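Right after this note come the structures.
Same chain, two partners: chain A is paired with chain B first, then with chain C.
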Partner chain A sequence: MKTDLRTNIKAIIARAYVRVVGANREPSWWLTETLLPIMSTAAYVFVYKALKAPEEYVGFVILGGTMSSYWIFVLWTMAAQFYWEKEIGNLEIYMIAPISRMSLLLGMASGGLFLATTRAVFIFLAGALIFKVNFAIISLPKLFAVFVLTLTGLYGMGMLFSSLFMLYGREAWHGVTLLQEPVHLMSGFFFPVRNLGFFVALGASLIPMTLGLDAMRQLAFEAGPKSGFINVNVELGALVVLCILFLWVSKHALEYMEKLGKRDGRLTLRWQ
Partner chain B sequence: MRILDRTKENIRTIRTAGRLGWAMESNWTDPFLFAIYSIVRPLASSLILVVMYYVVTRGKTGMDLFAYIYVGNAFFMYVINVLFGVSWVIHEDRDHYQMIRYIYISPIRMYYYLFGRGIAKMILTTVAVIITIGFGMLVLKIPVNLLSVNYPLLIFSVAAGIFIITCLGILLAGVSMITAHHSYALTEGMSGLFYLACGAIYPIDILPVWLQYVSKALPLTYWLELVRRSVLGKSVSPTLGGYSDVQLILIMAGTTLVLALFSHWIYRSIEYIARKYGKIDQLTSY
Partner chain C sequence: MNLAVETFDLNRTFKLKKAKNKKENGNNDGKLIALEDANIKIHQGELFGLLGPNGAGKTTLIKILATLLLPTSGRALVDGIDVVKHPERVRKQINMVSGGEHCGYGILTVRETLWMFSQFYGIPNKVALRRTDELLKILKMEEFARTKIGKLSTGLRQKLNFMRGFVCDPKIMFLDEPTLGLDVQIARDVRAYIRTWMKKDLERTVLLTTHYMAEADELCDRVAIIDTGKVLVCDSPQNLKKSLAGEAVFRIEVPLDVNGMEKFGQIAGVKQFAYDHKSHLGRTELKFILEEESAISNVTESLSGNGSKIISLSKMEPSLEDVFLALVGRGLKDEN
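== the complex of A and B ==
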């Protein structure tokens, strides 16, 4: 069915609006999304302090904690959101609306991005100021490009995961849950990924966050290039490829899984 | 007779809620996949610290600090999982399954229901802790001698820890009654706070002085020290190392009593507010 651009833009704004307004009506949100997330990041800083690690490792942890906000956002407010929508009966309403599923997810992402960015900015600023992190930015445009490409790649990945919920329920939910700590480990959120060995790091590079974090470490810290996995320019190129790949695959996965869900009668199946 | 009947009733509530919690935790897949799922997350979380340690020390694991970090992190899984298992029930039953109103009108006490729902997580976490410690002993050569572990102290400490965490979980369950579905972040954040302040993965001596005061006010700090002593037989924290086992148990008991009373008061107060303002069965998924 041909859907018009205006309706889709309206859908994006509407879905994002609910998130931003909904969150701001909850005062507890300020505590849960700003002050509390810094705690576990700070704990990792103190591990390095207990081990008398070089100062740049504190910066690596703060960067990892900051970017972790976006990974959590992708997992819980994008990928797993279709699970909630399905469970509370919204998914079928979305399905009958004349809008693209990608617009809906983009709306979720935009609204969720507001929350994730608040969390990330707080972790970054509080962490950098409290622990006196020294940044030595080599190239700001490259750093910005890496950040945007990483988020785009993650958005594509989130869409890909969300397509699973067209067919599955708790199986997919638990699958998404499983991606938290293991990805923190494999993507090197709190240490340079090359310490995992070349082939493990290469495998983990399928997750845009791995290359994004590694490139950011290389571009933002004096000791970054020494601990980098591969050249930043190569990582930038690989991120572009991953973005295209994930957006393309997720579009088709959404259509395919929706078709399967309809065929098997699982699209509106709740509490499975 | 009345007390006996009430006890029987409460045990039945815990048992039924426990069975329900177990079914919800485990019946989404086959037992093999479930077993893999249950051990991957805790192992990954431990391995993050192992890699961090290896990166700095260039592979040296002989230091006492390594065992201290590893064992502390393994037992801290109880905090993350049981806290989540108890407090998330409110959101799950309210927003997700929309059953909380029926639970409230049934002739059971919510406290025991919440505790029962947390049992599945306790069982799973116990398995995860055993596997993590076993992995540490076999692969990472953590110096744990199974013949010299102080088992009575370990069993007592774990039971006390579960009680402390359940009190915290009930406190957060109370808060969840008047907050939206992002109470997930609240539980996660509170776990982070305890992870930071209780010296789960480093001696509390490394913390700034003001944070050490916070640490000393939390029963989980003493609980972690006791489980470490029972497993490793020693402490690397100069501050906590100065206390004997009995002193630690007494301090833990005192701080736990304060926590239990505070948790009860918070839960009851917020529950009243939630019922008064019609928030008890609100839907907040956005």
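== the complex of A and C ==
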């Protein structure tokens, strides 16, 4: 048991190493992960300004842009990772290694977190400074807890998606493509989710980002509580439940999909 | 002696798309039998070869043993552990290298790549790096230690993949066509390393699949010949070749444009017949296994009667390829 834990920790570090070292060896990512993403976020700010929307909406947009870095990362880098590994011939090697599949994903996620955080920090700082966002933080510990829980929930969700990618490859790719934009809308990345109506917001709350963003808006802006969907403490509790749920489901989904792949002979079959 | 691998009536079928199945197999039952009642026993410390043409079921068997594929029925034990019931325990004892494959990420160096894969087996850093350096030296890759793998040639990347399997120092190693596509020198290095690695620890076991009969002959303690999913025979290369001792093997080279070759198998005294078109040489190589040496006169007469010019004729010592021909009725390179 002790040996297994040590091996899994080593696997997490080794897999994270690729991402961190890779980022340092390809400096061009600084441009693609910092300057370019701020542009799309800025576009929403200008739309709101043109429409003379309340000033706090600028802050909401910057927060949404910051958090969208993690969503994009979870969806396109983490979830799709097993698909890419299969295509380049690494998946077979990973599958015969005596380690948990979640450790591999956690390693990829930890390494990728570095890139996603760089992107997020840049959007946050540049956005806040350029557009002079006023923050009124109610509780920093709570804000931090919401952020961590949102990321944990999202990563759990990413692991769940990765099980689909592991087996279905390109088919899962189409599914995730379909998810990207609707989730941007439903999760209220750039506006309070309450505006979508209670039931739509409730449905969208299955995605940890929805509750996380809503709670963060309530905790970081003066006008946040007024536009909140539900009470922050309830959102915190719901996020805890979602984290446990996604991690548990993704663990079993990974095991199930691996078994299915081994049964059907699709686990290491490429170009599908 | 302890068994490293043991299989009991192992079967594996794949579901096929109907159209593909009908076209390729002449039936429409939607199944392809990749492995049929395979029973093999590999002893600890043995270098065991699994020989057969492409599509014979070699990779299927190795993937089942490596816990990548479930058998349709039957049972397989690796180091005494059931591969279906306890795959996680099997994985601690094994590693696998598939020829023609690459591994890792172009952004990492050769040394980093080997270190990374060693970590998935919990190998301490110092040990991993020492083994890495040893492998780099033995396999003549030292000068590429700090080269990003994205900059390596295809052959060197395959060599790296081979090293990746050994850096973890498994108890049982599965090598699936490890020299596939490698140039002569690299293939020679790889074969030499396999033997050296085996000698260093008598508990190490290798299951090697190949369709290069000479490779199996050179390396393996015992070989099993497999075709269309069935294990046909299993013995040492020497014993298998001895089984053809009473028969005569002849190789005849004729021009490429010989007609009516299908009749050559029916010549009196011919036990088995195979051919291999060597277009680049402008010749066809005919191989005959004869019941007795004197039957060669029937063959030459038949060729002359067919208007074929004989470019060369030689009597050969039986090889594993001839054993395959005698067992299956066709050569390894024949399409049907």
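The rule we apply is simple: the second predicted complex is superposed on the first by the 269 of 272 C-alpha atoms of A that agree within 3 Å, B and C clash if a C-alpha of one lies under 4 Å from a C-alpha of the other, contacts with A are read in each partner's own complex, and residues count from 1 in each chain.
Everything that follows uses one rule, which is that a residue touches a chain if its C-beta (ideal position, glycine included) is under 8 Å from a C-beta of that chain, and two chains touch if they have at least 3 such contacts.
All of these numbers come straight from a predicted model, not from anything done at the bench.
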When chain B and chain C are modelled together on chain A, clash or fit: fit
First (chain B), second (chain C), both or neither touched by A:18: both
Touched partner set for A:51, first chain B, second chain C, both or neither: first
First, second, both or neither for A:196, with chain B first and chain C second: first
More chain A residues in contact [chain B versus chain C]: B
First (chain B), second (chain C), both or neither touched by A:88: both
First (chain B), second (chain C), both or neither touched by A:170: first
Chain B versus chain C as contact partner of A:26, first or second or both or neither: both
Distance in angstrom between the closest Cα atoms of chain C and chain B, superposition on A: 5
Residues of chain A contacting chain B in one complex and chain C in the other: 18, 22, 26, 88, 90
Chain A residues touching chain C - in the complex, by the definition given at the top: 3, 6-7, 10-11, 13-15, 17-18, 21-22, 25-26, 88-90, 92-99, 259, 262-265, 267-268
Of all residues in chain A, those that touch chain B in their complex: 18-19, 22-23, 26, 28-29, 31-33, 35-44, 46-53, 57, 76, 84-85, 87-88, 90, 169-171, 173-174, 177-178, 180-182, 184-185, 189-192, 195-196, 271
Complex contacts: residues of chain C adjacent to chain A: 14-15, 63, 66-70, 88, 91-92, 94-96, 98, 101-105, 107-108, 112, 115-117, 119-123, 148, 164
Chain A-facing residues of chain B, complex: 28-29, 37, 40-42, 44-45, 47-49, 51-57, 65, 69, 95-97, 175, 179-186, 188-193, 195-197, 200-203, 206-207, 283-286
